[in-house]
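Same chain, two partners: chain A is paired with chain B first, then with chain C.
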Partner chain A sequence: MDRLIFDIAHLLAASLVLISFVQLYQDRLYALLNTFALHAFMLSCSVAWQAFIQDAPHLYITAAIALVFKAIFIPVALHRIIQRLGIHREIETVVGIGVTMLAGIALVALSMVVMLQVTTEAEPLAREDLAFALAVILLGLLLMVSRRNAVSQVVGFMSLENGLVLAATGARGMPLVVEFSVAFSILIAFVVIGIFLFRIRERFDTVDVHVLDRHRGER
Partner chain B sequence: MSAILLDPIALILLIPIGAAAVLALLPGYRLTSRLSVLASLMTLLAALSLFTVEPAAPGSYLLVDDLNIVFVVLNTFVGFTTSVFSASYIAHELEIGKLTPLYLRFYHAMYQVLIFAMNLALVANNIGLMWVAIELATLTTVLMVGIYRTHEALEAAWKYFILGSVGIALALFGTILVYLAAQPVVGEGLNGMVWTVLIERVAEFDSALLNVAFVFLLLGYGTKVGLAPLHAWLPDAHAEGPTPISAVLSGLLLNVALYAVLRFKMLLAGNAGAIAPGPLLVTMGLTSLIFAAFMLYRRRDVKRLFAYSSIEHMGIIAFAFGMGGPLANFAGLLHMVMHSLTKSAIFFAVGHIAQVKGTQKIADISGLTATHPWLGWGLTLGVLAIAGLPPLGMFMTEFLIVSSTFARNPWLALPLVLGLIIAFGALLLRLNGLAFGEPRGSTAPAKASYVPMFAHLALVLVAGIFLPAPLVAWFQHVASLLG
Partner chain C sequence: MALVAGFLAQAMQMALVLIAAPLLTGFVRKVKARLQRRRGPSVLQPYRDLYRLMRKEVVLAENASWLFRVTPYLIFAVTWVAASLVPTFASGLMFSWAADLIAIIALLGSARFFLALAGLDVGTSFGGIGSSREVMIASLAEPAMLLIVFPLALVAGSTQLSNVAEFMVSPDVGLRVSLGLALIALIMVAIAENGRIPIDNPSTHLELTMIHEAMVLEYSGRHLAMIELAASMKLLLYLSLLACLFLPWGLATQGMGVAAYAVGLTSYLGKLAAGGVLLAVFELVVAKMRVFRVPEFLGAALMLGLLGTLLLFLSRSL
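For the complex of A and B:
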């Protein structure tokens, strides 16, 4: 039974890493949003499983927030924004898909090496969870730097935060503060981003951050 | 209920947040700017009264100790003077139509939320709560930086938001790792995040985990401090937002982030097996100092110039704390205070100058001492202070940092002195162009409030000449806490 519990937790966390990889090579905004929804859904399953095995009912709330807010509400809202802005064309990536994937593999290897080395004392479940969480965080960062479109940068940021939630729930008995704050920060982040997108739309008729760069700096 | 109303810790949090709610609802910008000043003054008084009451036993969430009380008082003082400056600055923005009354209401409410968030971060005894507060402060400043809605302001706000969020995310990961290191020792639940509990038991924590946690925390909060190479957001955010926000960003928010780093540095110092955080801080500090010193020469925008100067001084401070020891810590703490006062005074002057001249370009501003003597000489005094000329306060602190470094590691003092001299040259060069020479641009009289600026500069001058013994003793005591 113990083995099964561990395997399922492992499977769920690893699939988050896998979906992060899938996000890396999406070249259309709608597809990217759909994979993000799947990412958030997987996170919600993983958190719910942690809630079950740790016997920590408050984690079900975190799982519910991930499901309702991140897997359903945000993707739907971003779909609408993309539609309204008329930008459902291809995403421009900064570097090629191949290079991005290779960088992603290197990052995952890095996080395994770092986290598994330093957590030899911790219980195996938290240990694996943390290594996967760091991988998801770093892949989210990679997604952010490899895209120029404002919407895909936001998606990268949200998948990064998914990694944080994974780490927080993997740590047994982590005080409620953190889970709530993460959920809360995502809510605020979305509001802020929403305002930004609308303002950017108003001013530039585009959400390509590159257009912003033209106005940069020293006039 | 009455106990809460008399408790200064509760007051420094409740007054700003209450004021924010009221200011968001009230129409009429004259009234709201006055109310904002009043609320800031009351917060300052509440902070000062922290000295008079016996500190309560630290709770699970809030804490007042000898370290953060200094920062709280500094924070509320600069918060108060900046609100006075805001009132005249923003009224002018309204006159020339850069802002509408609706935005003004938003501005004053957000300003109070920012003060609340910074105070909360300073008095938090819970590393999770501290993270939330710094996140809140970041989000409010993002909104304020973007308030003009010009191309440049939006780009600056977007860049600040993305970099700030990534930094804050890394800091949260570091916080989770600290909890994981603490959990086997102090047990599950809230205790694993309470700073006073952590510092007591930190010797038993797993050092490898603490090391990794500190790297994430340093990168995360270091982004907010503006240490090179994580500084990219800072010049843009300073240049494009309203000037009072530049003053608060440079003077206060950078300090708050650095304070967070210091708390975790203290944690690491308590664990024998953990890496020494000093060399990391020294490296980042020196990089920031030298990088910013060279960048100062190429600035064409006056607010950007002083933003780079903030990076430079944050570098000096990080260097001082990295060196450690009673003398360097003492100098670092005092330098933080002096830098806050001086830099915000400079931004007060620059704000009015930019309004009078209608431009922030250095090339278009000249001969200020002839056309606007008060602003011109105020700016001159401020720049001389920031460049580290005697007898002003920062000369003393920089001298202490350099001499203590010479005594312990002369090779490190070399790049430090080099950076200081390069920055000194750049600042005097630019100052010469701004304050002296043939007057250029509008010579219309400035409708300015000089009191905040000269109050800060007077404090810096007095501190450079004479520091009262009790104050020195207090700072020495705090420096010894930092290890």
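For the complex of A and C:
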């Protein structure tokens, strides 16, 4: 039974890493958003499983927050933003997908090596969760730097935050207050980013952040 | 007596893959046709095609070398050996000591090597295009295949197919995400290796898109029959590989008697039929990729294999 508990936790956390890779592979915006919703759904499954095995009811609330806000609300809102910006047909990557994937593999290997070295005293489940969480965070960062479109960068940022939640639940004992405040700061960040997207568009006629580099205020 | 029985079982497996291969191809074509609301040719059509091709005379190009004439038989023999090594209805057969995953990859790799040479041999432009594309796909698919072997061999502690299959039915397997990743990656590699739809269309003769067909364009008569039979055996091989590695239920073991063999055979045919239906449905719902997208597709398979190995490493070191 112990094996099975561990295996299911392993499965859920590992599929989170896998979906991060799927995000890196997607080059269309709607597909990216759908995989992000899947990512958040997987996160909420993983958190709910942790709540079950740690016998910590407040983690169920965390799982519910992840499900409602990240798996449903934010993807739907981003869908609408993309529709209103009229960029649903755009395809963009800075470097090729193959290179990004290889970099992603290297990051996963790195996070495993680092986390297993650092957390030798923790219990196996927490160690593993931390390793996966670091991998998800690094992959989210990679998604942010490998895209030029501001919307994809937002998705990268959100999936990075999923990694943070995974780390927090694996480590045991994150107070619910902290969880709430993180969730709401994410929402506020989302609102701010949403407004910014339209401002960027208004000013530069595009949401390609590459254009921003060339502008230094003299317009 | 045991030796004779073992020999008979192995001979039965060799005959089974040879006989079932065209049937599987015909079945996939039939299901595809029915799904497109066509009646489609009978499932026995591939046998009729082979019979017709065997009786036709061989037309050879003037500058074809001995390699061109030898290659079809070589490919057929090598593919047959590889296909009959994979456990179909029973594991632990007489030659199962040779049924090693890496050996099978090597056998298929040598078949492809000779096919690519034969494509170049006559010097037509299509043969050259086909060979160069085939080798490009192979150079990505083979590393991916080897990386799939890693997690499997690490989990089961062996690269021998019989041992892996026995391990997979034992309760020690547990729930392992690495095996799931290996399964997805193996399916992707199998699609690429067999030239099925997102990579190559097996029924196309459009110059710009064909890969496998371009290489064998110059073949005719019994040579073509050998190559077609080898191609359908390769499809059967990959389906049996998937069935024996990931769905080994119902597999008999050597010396269990006729009843167990019959159960194994029935479940094997059931798995083949299910695999054929799934392949046909998959081929209808996806569109063919551009050739330049193929590296990304196979790169994803490679990545899945690597990720599976990494995750296995992680769960082992805890």
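The working rule: the second predicted complex is superposed on the first by the 215 of 219 C-alpha atoms of A that agree within 3 Å, B and C clash if a C-alpha of one lies under 4 Å from a C-alpha of the other, contacts with A are read in each partner's own complex, and residues count from 1 in each chain.
The rule we apply is simple: a residue touches a chain if its C-beta (ideal position, glycine included) is under 8 Å from a C-beta of that chain, and two chains touch if they have at least 3 such contacts.
In this text, all values refer to a predicted model and were calculated from it rather than measured experimentally.
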Combined model on chain A where chain B meets chain C, clash or fit: fit
Which superposed partner A:171 touches (first chain B, second chain C, both, neither): first
Chain C, chain A and chain B - angle at the middle CA centre, rounded to the nearest 10 degrees: 150
First, second, both or neither for A:81, with chain B first and chain C second: neither
Partner, of chain C and chain B, that touches more residues belonging to chain A: B
Partner chain(s) touched by A:4 [first = chain B, second = chain C, both, neither]: second
Partner chain in contact with A:40 - chain B first, chain C second, else both or neither: neither
Partner chain(s) touched by A:66 [first = chain B, second = chain C, both, neither]: neither
Minimum C-alpha spacing, chains overlaid - chain B and chain C, in Å: 16
Overlap of chain C and chain B interfaces on chain A (superposed complexes): none
Residue ranges of chain C touching chain A (in the complex, touch as defined): 174-177, 180-181, 295-296, 299-300, 303-304, 306-307, 310-311, 313-315, 317-318
Chain B partner contacts - residues on chain A that touch it in the complex: 114-115, 117-122, 126, 130, 133-134, 137, 141, 144, 150, 153, 157, 160-161, 164, 167-168, 171-175, 177-178, 181-182, 184-185, 188-189, 192-193, 195-196, 199-200, 203-204, 209, 212-213, 215-219
Residues of chain B that touch chain A when the two form their complex: 126, 128-129, 131-132, 135, 139, 142-143, 146, 149, 151-152, 154-155, 157-158, 161-162, 165-166, 169-170, 172-173, 175-177, 179-180, 183-184, 187-190, 192-193, 206, 208-209, 211-212, 235-236, 299-301, 304, 361
Residues of chain A touching chain C in the complex: 3-4, 7-8, 10-11, 14-15, 17-18, 21, 25, 97-98, 101-102, 104-105, 108-109, 112, 116, 124, 127-128, 131
